[in-house]
Structures are given as structure tokens and as C-alpha cells.
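Chain IDs A, B, C, D and E follow the sequence of writing; residue 1 opens each chain.
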Amino acid sequence: MIELKNVTKKFGQLEAVHNLSLCLEKGKITMFIGPSGCGKTTTLKMINRLIEPDEGDILVNGESIFTQEPVALRRSIGYVIQDVGLFPHYSVFDNIALVPRLLKWDEKRIQTRVDELLDLVTLNASYGKKYPLQLSGGEQQRVGLARALAADPDILLMDEPFGAIDPINRSKLQDSFLEIQETIQKTIIFVTHDINEAITLGDRIAIMNAGHLVQYDEPNEILQNPKDDFVEHLLGADRNLKALSLEKIRDYLDEDAYLTVAPGTNPEQIKQKLRTANRKLALAVDENGILQGRYNLEPSSTQADGEKLSYDGQPVVMSRNNNLIEALSMMLETGENQLPVVTSKGKLRGVIKLTQIFAKVEAAKAEKNI
Amino acid sequence: MIELKNVTKKFGQLEAVHNLSLCLEKGKITMFIGPSGCGKTTTLKMINRLIEPDEGDILVNGESIFTQEPVALRRSIGYVIQDVGLFPHYSVFDNIALVPRLLKWDEKRIQTRVDELLDLVTLNASYGKKYPLQLSGGEQQRVGLARALAADPDILLMDEPFGAIDPINRSKLQDSFLEIQETIQKTIIFVTHDINEAITLGDRIAIMNAGHLVQYDEPNEILQNPKDDFVEHLLGADRNLKALSLEKIRDYLDEDAYLTVAPGTNPEQIKQKLRTANRKLALAVDENGILQGRYNLEPSSTQADGEKLSYDGQPVVMSRNNNLIEALSMMLETGENQLPVVTSKGKLRGVIKLTQIFAKVEAAKAEKNI
Amino acid sequence: NRKGDKTITVGAKDFTEQYVLGSMISVLLSENGFNVTEQFGTGSTITREGLETAQTDLYAEYTGTAWAVYLNRADEVISDPELLYDMVKAEDAANGIVWLAPAPMNNTFALAVRADDVAAYGDSLTSLAAYNNAHPGEIIFGISHEFYERADGFWAMADAYGMKVEESQVRNMDAGLSFEAIDRGQIDVAMVFATDGKLPKFNLKVLTDPQNFFPIYNMAVCVRQEILDQYPEIEEILAPLSEFDDESMQLLNYKVDAEEIPAEKVARDYLEAEGLI
Amino acid sequence: MSFFEFLQVYQSKIWLEFVQHLRIITISIPIAILISAPLGFLISSRPKLAKIVLNFASILMTIPSLALFGIMVVVLAPFKLGLGMTPAVVAISVYSILPITRNIYTALNQVSPSIVEAAVGLGMSRGQILSQIKIPLSVPVIMAGVRNAVILGVSVATFASLVGAGGLGSLIFSGISRTNLKMVVVGALLVSFLGIVVNYLFLILEDALTPAGLKIKN
Amino acid sequence: MSFFEFLQVYQSKIWLEFVQHLRIITISIPIAILISAPLGFLISSRPKLAKIVLNFASILMTIPSLALFGIMVVVLAPFKLGLGMTPAVVAISVYSILPITRNIYTALNQVSPSIVEAAVGLGMSRGQILSQIKIPLSVPVIMAGVRNAVILGVSVATFASLVGAGGLGSLIFSGISRTNLKMVVVGALLVSFLGIVVNYLFLILEDALTPAGLKIKN
């Protein structure tokens, strides 16, 4: 656990950080976000004593960092510097191997670790031999990230670690980052200027403005209850959509909105059944529970009874781990307002309905107003 | 107009850019996007001759750049470097004033211009006196941007100019950037790793992968018709939502979905009218056409006739210039599936309906399939 | 002639005696209406080059140095002082340089030992040779480069006296440093110049040269012919310099070296005492 | 004679030689810098030429001062400049070439590539990049070279007495030949004093030349 | 005597002095570097000490070699070391302090702040930052200083002959005092030759010490 107590830092006249008190939970990811120049980097650097505060105290695991040996302190804290700061005279390998070497790991172990890290940051192993000047901006940043992770520190300070990385690599990195975090449970402070990233990765988000802490809460809470106009503005006009990205489909399954039929059932029979049950959707499921196709009952002017049954043998499906925003997007793409949800093996688990997505937001609102 | 003809650049074994042919339109913004290391920076640097290609030719306004004096060529091209590269010995003012001074502008004009640019990049005028080492990452990047814009070059090469900038400043910058571009019509090549930025700013988007040009099209076209899995992946799971951000509400107004009533009309009367017209929504509009309130007919179990009329004196409204994604987000927030749309003066212009948003995507699909 | 019209540049090399002699020339000339520029302290060859290239007008030189070094006749040993003077004067005429009257003082090379050591080494080169040969490798010689290198230098002297000197017994060194070196016991025999004022200062004894091995170094003023033609009175004015013998010269040098009286003052005091100015 | 007596007796001579030494260095050091510095800038972007110039400067540096003076007495004689101030100035210039040019060459070639790239990309010409970017950023290293050269110059000026230019060297050299330690010490102390003063002046110069932005350290 | 004859006659002497000069510099230059370089590293993070050391080194630099030798003849006499190799080695070391320490001090203090910050932030100790980051990045500037000192050393070694250490200085000085131009030229040429060779060797050393990553230029 990291605790900042009334921390203030001035640069000349400018109060870069003002009376900041903050408790960062062990094993959690805290995202720092705020306008540029609001003091995020300064705060980070105070935690590993690159900058000494003018006032206040900082405790790591209950012990003041100012009573600790700075070098030892910093070795226990991984640090991804904002302007990357790779050592130009070292190869990528040597840059990453730096801290393990300081800690006198044996070379075999280092070799394994570096390979592992290069893979983690989605760089080919051949990059080990390159020099920083030969890398593109995003490649450099990924090496900087690997370097900070190298010795597996308990605390990680990450100053815009994905700032220059393209969306594909970024989402890969975010995924593997979250995956690792789930098992290793590090205490992570992560500065970002990407509000989506803050929402996706953060257990908590600290919003700063002009040296002050404005709001410090769980992402959901911040999205649904922005403290003031500034936060609202920061979250963007589409913050309600963003909130949906935090919700997994698995929690919004509807198992009553459809009928299941065996594959190959007579269409007229299905039509009949749907009418009786007052449903529009029938899903063809085989004996193993695997979804095979989808029947929709649609209005039709050509049909005598004003309705026709369409069949789709390769229906668009969602996975239970997709989030609501993905579901919404897929509904927009297909024009359907409900989509079957299946397991990775293809087993049907239910459907997700557009109305439910809306209901979810409503419910959150209602909850708040109690 | 900038034309790349079969341009190839190798670094040793590695083909950083492979046989790239591309025509960048005059007065338009072309966004480059792709995984890190795919050759975006290399391509940019070839245009201002920081890197000489191994093969191929590059024409600016019909003339090969290789017949031109590099210094003169570069002065006519603004360049925002990816790693910012501010001159540490110059103040912010002097950094920005550099190119105008090279061009021997008089100091008064330079002073005016620098103030203008600092304002443009949302930095306080007092920053002029600071030195790069005293700036935060995002502040540095904005100064780098101002420096490139200083002498008002016809062509701008921007290598991730907003990479380290927070969402608030970023959207301000993007807005003023687009606003300026509307009047000055520069030819801009803009590298980004933010797909939303590419979509918002780009007249065209060039998607690169491993040195190859994968797709080069208008944002809409790319969103709706990604060429392959790679592009689809790059656009993200919510690309359909992204497509909505390109559509303005003004183009999707519905003027029939509601009734207008004079403020203070008897509720029972309104209920009656709505039932007759088979509508759910009545908007109270004064003699000047200004929206005053909103009546909703809602199901109710306590009411005898099973319906109650609610009134909202401060209804949530949209502006005609909001985009569909914002409308969608607001609908999620309010739980309404239709929202009144007003002018900046408050005059009612129509409503935007959730079904219409869905219909829009459908329509685009249909068009494609013809 | 008004003072100021007659301008002249006086040179002097970079050791005490030269400063004394240079100052004397300079005082005498300026007392006689010359506007004198002093160019003292130049390296030996540089001083001579200065004269040859008309950047200096006159200075005190030694016959032996001119003969061996400037006229390059080191291999022809002439032990008659007058003959040497005549030969040098004659040959240098061709270079446009006039040798004024020589002084009896002979600032030749010599070997000196600590006074304490005279008991052991004896007071002549002959006895030194005997001691040295009886105690091979014991005596350390501090010798200047010039003397070491010259054909008529150190090795020739050792031959002449039958001294068997090993290479390892010799330290080549700067002549100025050799006094401290012998005083501090880092060398036992120092190459010196016979009129050096530091000999009494450091209580050193010059060994006699029974075989007259060392060449003759009589002092005389060298003037450029051109200057002498222009100011023939110079010869008359500088005549007192030809009076110096070893003792009187060594005394003046001693005043500078040991009593630390500035050379210029020593010169002026002497001239005043002698009633020359 | 006590040290104090010595100072009294030699007072005027010491003062004279001190002033003369000062004259030598105030004339020669600016000349030396004006020769060496442009040469350094000239070679900074020409590695082949640089190799030649630096090797040549190294050779010049190895010529013992006495030999150099001997050569100049002859070479400069036709202009009546072989003795006195001129050869001193020449020698000081000659010896300053290596430290100054080498540091300039090294400094200018290690300016951060990304800063140079930014400058090139903004359309600065070679000359502008040199004068506005590379040189200001290299001030500390360049001035380290210049200050070394200057100190060397103050020291080489002592040899000026061997070519009749006088200066504190005449105290030192006659002190040595007279084994007059006081004289040597006074001469050496005054040379050192001049060295410190000149060093200090150049420190002020360096401070004035160092761009404000480079002096900022956290 | 023709130049060729001269060479034949003096062949063995020239060879002897050449070898002796080589001995002097191969002994003294490593010693000089081993003294100066650690001093430079020591002061690099102590600006106050640095000021004192650099000023003191400047003073040492201004002491003319002959005076320095004069002092050593006296000071080292009790150890019987006032003549010969020792004073030569001491003098070369003394003169190398300034160029080496100043360049080291300057070089180490201008390593990019963001790189140093990264190193500090990763938990490197002062010593590790110095040895693994600052020094490797400063190799070009440090070696510029070392190479200047080395050339100066080759040159100062000529004075060694004035204190009985022999070397090519004896050719040059006796050549001068005998106006034997051939001797001076041969001596000076050989010193220059040694200068170039040593310069070249240190260039190779510099190249070996320069980290591969710094040699990459676009």
C-alpha cells in the first residue's frame, strides 16, 4: 500500500502538486489522469524519490520512504519513464537486462526473462540485438516497459507507458497486462491521458487538475457520478457508452427471450410455436447444446399472415466475455436488437438484448437516486 | 499535392517501407495509422528528405523533391517530430520563433505569432519564458506542435503530435486544428496511433502494416468496408459505433415523431391528443418556437387508463451538430429512446430517435450490398 | 647625435654571466647616448641566429663556442687563445660579424666536485681519473647535452685523461640543474663553466686541467659590421669589457648568483666603481 | 637574503616581467583562439579533413618549444620578427590548436541525434545548425578545451623569454641557471596567479556563453 | 656531412634515444592516466571539490617544465630519485591532470538529464550510474581529453633529457645547442612519429571503448 499524506511540491512559484493525500491500494491498479501539466509525473517521481516533496510524507507499506535508502527503494519499484529514456549505448537486450544484472541474476535466467519480456511487449526476439536509435517510437516505448518489468518489482510506476503504441499492440498489451496482474497482483500506478485506457485498466482512477486531486474512485462510480463539470468534460460526451464497456455480457444474459428448437424443425411449426409464446426469436440448438442457426419472425407484406420466418445458418454471436459496448456495436452492425451468446465451444448460453443494455444504464441511475 | 511513387526504404535487411505508392491530396488531412514499426515515421521523413529512399520518387506539387534544395524544401514543410526534439537551450518562445527568425520576420510579428500559437496549443503566454526541461511531457509536445506551425507552411508533417496530450486538451486541439484547417486548407500528413483521432480528423486514412500500404480510403469507407481482418482488428470491436461518430444529428432529424403543444396546455387534453395521434411524445413550444418542456406518455399501473403523462420542464436536448454517438450516449443516460434537437438559441428542430440510429447503419449496409 | 637617434639592440644569452655582460654593454651604450633595446635571456643558438639575421646588433660571445658551434669546426682543436681569436674573427668577417677585443677570461668547460671530495678525488682531472679507475662505477657525472655530444666533449676528455667511464655513470642534464644535483649528492662531478658564480656559492672546487684539454672560451663582444660602420665609437665605448679575467668575472657572477643582486645593478655598480660611468 | 628583501630588490624587475607576461598572453591567447576555433568548426562536419588536421595538430604539439622557437628565429627573420613577441604568439597559437580543435570536433559530433534531426527537419542550413544549435549545446565541452589551451598558453608564454620577449619566464629561467630558488618561485607563483586569473575570466566567459536552458538542473 | 651520412654515424644513438623515449612514455602515460582519470571521476559529482582540483591542476599546468624539474631535483633528492625516469614520469603525470580531469568532469556532467533520471529511477547507485551509464556515454569527450594529455606527454617527455632520463630530447637539445639542424630535425621527427603512433593507438582504444550503440548514425 502506498499512502501520500498532504504532499506538496513547488517549482518556484508554481505549485505542481498541492496538498495531495491519497491511499493507493496494494495489488490494485490506480490510474492517474488529468490535463497535461497537472502534476501526474511529479507525483509519480515523488514516490520513487526522483523528486523530493516540499511538504508531506509518503509511506510505502506503512514505512516512510524518506527513512529508506533511495537506491534500495527504487529497485523495489519498477519505473516506466514518460520520455522512455532508453540507454542509447546499450542494446535492447542490455537495456532490459539492466536491473536483473544489478540484482546479480545469473545470465541464463536473465536470457530467459528478457525473451519472456520481449514476447510480452509483442516484440520479436531478434529485437534484442538492436539499439534504441534503430527503433521506432512505439518500439522504444515497449522496450522501456519491458525494462521496468524486468526484475518483477512489487510496485510499478508507469508514466504513459502505452502513449506511443498503436491500437492493436496497445490492446494486446493491455490484455496481457491485465492477465498478468490477475495472477501477480502488483501495486500499480499508471499515468495515462487516454480515458478509455483509464477505464479499462483501472481498479481506481485518480483525476487530477492543476496540482489538486479532483476525484478518486472506481471507474464505474466516476463514470456514473462525475464530481463536477471538469470530470464530466474529461470523460467526454460519450461517457455513458464508456460505462457500458465495463459491463460483461455474462451478467446481462436473458434466457427467456427466445425459444430453442432442434435443427431441421419444420419452419411452419417454429412459426407457430413463436406466435404461441409471443416471441420473435428461435434458436436451433443440437443435442450438445451447440448453436446451429437462428430463426427470426419478421413482419412481411408479401406473406399472407403478415409475418415471415427467416433463417440464418451462420448467425452472428457474442461471447459471454464481450462487454456491452461490443454487443451494442454488433447490434448496430447486424441491425438485430438481440444477439445469441455462446461459449468458446459454441454452446448457447442465452441472448443479449438491446433493451437490456438500456435498462442497465437506467438501473444504475435508479440505484444512485435512492 | 504529394505523390509517392514506388518508394522503398531498407534498413539493412529490414524493408521499413515497401514499394509505397500514394497520392496525398492538396488541402486535405491524410492520417497514417498502423502498428508501431510499420514505417509511418520513415515515410514521413522521406517526404522532407530526412531519410533518402532506396528506390522510387516523391513529387511535391508535381516536382520531384530530389531535384530541390533540401533546406528550402524543408522550410516549406512544417515538421512535428515524434520524439518532440525541442532545443533544450532555447526558451519555449525561442523554440517557436525559430523558423520565423530563419525567415527573417520582424520581431514584432514574431511576438504576435508566438502568442497566437501558444494560445492555439492551449498554453498560457507565460510559458514563453520556460525552458523545455521545465515542461511536462504534454506541454513539450504542444510546444513542438507550435514550432512546426510557426511559419505557416503549406505542408505539414505531423508525427503523433497529440500522442502525450490529455483528452481535454486533445479535443480542444483537434477542434481548433479542424477549424483552422477549414480556412487555411493545408496539405497535412498526420501520423497517429489513435484510431478515433484518425477517424475524427482524417479526410483520408492510410493504413500501413509492415511497410506495406494496406488500405487508403475515406474514414467512412474504411469503417464500413475494412479491407481485411487486419484493418478490422485495427478499427476495434466497436467500429460501428465509431462510424456513428462521423454522422451529425442534423442529417437524421425526425419531425413527425412528436406533437407540439403550447406551454400550459391542459395535461388531459395533451394525453388525448397523443392517444389520437398514436404518439408518446409531446413537446411544449412557445410562440418563438423555443422548446419549453417535454411530456411523455408512459405506461402506469396506478393510473386507471394504464397510462400517465409525465412532464419535464428542463428536458435533455441535443444540438444539431452533435454526432450520433453522442446522441446514443445521451439516450443511454436518460433512458429515453428519442431526444428533442434544438438550435443554439433553443428553437426546436425535431427529434432524434434510437431506431433511426439503427436504421442508419442498416441503410449503409444495404447500400453496400447493392 | 641626439639620444634617440642612435638605436641599438643588445642581446644576452640565458645565464648569469651573459646578463651581467649584457647589462654592462647596455649601460655603457646608453650612458653614451644610445637608445638601447635589451633582448636578454635568449637561448644560446637563438642569440647567435638573432645576430646573423640582424634582429640583434651585438652581444658578448665566446671564441670557443663560435669556433665549434657556429663555424662548425669542433674537430679542429686549437689550444692557442690568440690564434683561436684570430681565426674566429677572420672567419666571422664573412658573416658580417665583427669580434671586438677579447678579454683574458676563459669561460671554458670544467669539471667541479664538492670541496669535501677533493681529499678523495684530488684537485685535478688526472687525480680524478685515477680515483675513478680505482673505483669503477662509483662516481656519477652530471654532464650537459652539448658537452656530452661534442666530439671535443666529455668522451674526448675521458680519453685524454685515461678515465674509464661507463655509460651508466653519466647523467645528461641541464647545466643549471646540475648545481642542485651535486649539492644534493645525486651526482658527484658536475660539468660547469669556469667563471660560474655558483661555484663559490655551492662551495665547489674546479678541477685543474693539466693537459689543457678544454678548448679556449675567451669572451669578446660581437657586433654586426653594419652597426659598427654606422657607430664606430662602439669599439671605444666597450673597450673596458676586454679587461675581465676569470677572477673578476667570477666575482661579478657570484654577486648575482649568491648575493642575489640584480645583474643590472651589479654591472652598474662595477662600472661606477671603476669610474667608467 | 630573505624572501622579503629579495622582493624589494627585484621589485621593479618582477613588475616589469609580470606586465610583459600579461601583454604576451593578452595578445596571443585571443589570436590563438581566433585561429583554432574556426578551424575546429570547419572540420566538425568533415571527418576526413578532421583526421588530417587533428593529426597535424598533434604533430605540432610534439615539437618542443625550444625547437619551435629556433625554427621561427630563422623563418621569421626576414620580417625582423624572429625574436620577441611574434614567435611567442605563434608558439602559443600552435600549441592551442590541438586542445581547442579536438574538443570542438568531439563536442559538435556528439550533440543528440534527435535534436539535430529536429533542426534539419525545420529547414535549418548546415551553418545555422552549427551556429544556433550545435555550438550553443557544446559550450561546456568546447570551453573545457579552450580553457585547457589557455592555461597551456599561459605556461608556454614562459618560454617567450628564450626568444627575447621577456615575461615571467626570464625570472624562472635565470632563477634556474642561478639556482636562485626565490626567483623561480616568484616567477612560477606569478605565472600560476595569471593562470588562475585567466582561468577565472574564461569561467565567466563560459558562463556567459552557456545558454540559460542548459544551466537548469533539477 | 650529408643527412644520410649523419644518419649512419648516429644510427645507434638515435635508436637508443628513440627506445628510451618510448620507455619513458610507455611507463609514464599509463601512470598519468591512472592518476588523472580516477581524480576526474571522483570530482565529477562534487562541484566544489572539482573547482578546487581544476584550479589546482591549472596551477600545476602553468609551472614551466624546467622549473618543475628543478623542484623535483631538490624534492626527490632524499630518495635519490631527483634525476632520471622518476621526475619525467611525475612531470608527465602532472601535466596530464588538467586536460584529463577537465574533460572527464565536463563530459560526465552533460549526459542527458532524462537518461540519468532513467538510471536513477531504475535504482542504480551513484557508482553504477557513473560506470555503466555516464562513463560509456562520455567516452568521446573523455578520450579527447586523454588523447590531448597523451600527446602533451609525448612532448613533455623530450624535457626528460634535462634531468638525465635521456630520450629524443637529448637529440633535440644537443642539436639546438650545437646548431646541428639535422639532429634537431631527426629528434623532432621521431617525437612526432611517436606522437602519431600513440595517437593512433589511443584512437583504437577509443574505438574499442566507445559502446556500439553510440556509433550508429543514420
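Assume a residue touches a chain if its C-beta (ideal position, glycine included) is under 8 Å from a C-beta of that chain, and two chains touch if they have at least 3 such contacts.
Keep in mind it's a predicted model, so treat the numbers as computed, not measured.
Relative to subunit B, the most remote chain by averaged C-alpha coordinates is C. The chain with its CA mean position farthest from that of subunit A is C. Between subunit B and subunit E the centroid-to-centroid distance comes to 63 Å (mean Cα coordinates, whole Å). Put simply, the C-alpha centre of subunit A and that of subunit E have 60 angstrom between them. Work out the mean CA point of subunit C and of subunit E, and you get 37 Å between them.
One finds 95 Å separating the Cα centroids of subunit B and subunit C. Looking at subunit C, residues 43, 45, 174, 176-177, 180 sit in touch with two or more other chains. Among the residues of subunit A, those touching two or more other chains are numbered 83, 133-134. Counting partner chains per residue, subunit E has residues 66, 70, 74, 113, 117, 173, 176, 218 touching two or more of them.
The touching residues of subunit E, when paired with subunit C in their complex, are 66, 69-70, 73-74, 77, 80, 82-84, 161-164, 166, 170, 173-174, 176-179. Put simply, subunit D touches subunit E in their complex at residues 55, 58-59, 61-64, 66-67, 70, 98-99, 102-103, 105-107, 109-110, 112-113, 117, 140-141, 144-145, 147-148, 151-152, 154-155, 158-159, 169, 172-173, 175-176, 181, 184, 187-188, 191-192, 194-196, 199, 217-218. Within the complex formed with subunit B, the residues of subunit A that make contact are 11, 33-38, 40-41, 82-83, 134-139, 141-142, 159-160, 163-171, 193-195, 233-234, 236-241, 243-244, 322, 325-326, 328-333, 335, 337, 357-358, 361-362, 365. Residue ranges on subunit C touching subunit D, taken from their complex, read 11, 14-16, 19, 39-43, 45-46, 49-50, 53-56, 174-177, 179-180, 197-198, 201-202, 256-257, 259-262, 264.
Across the interface of their complex, subunit A is touched by residues 114-115, 117-125, 128, 132-133, 136-137, 211-214, 216, 218 of subunit E.
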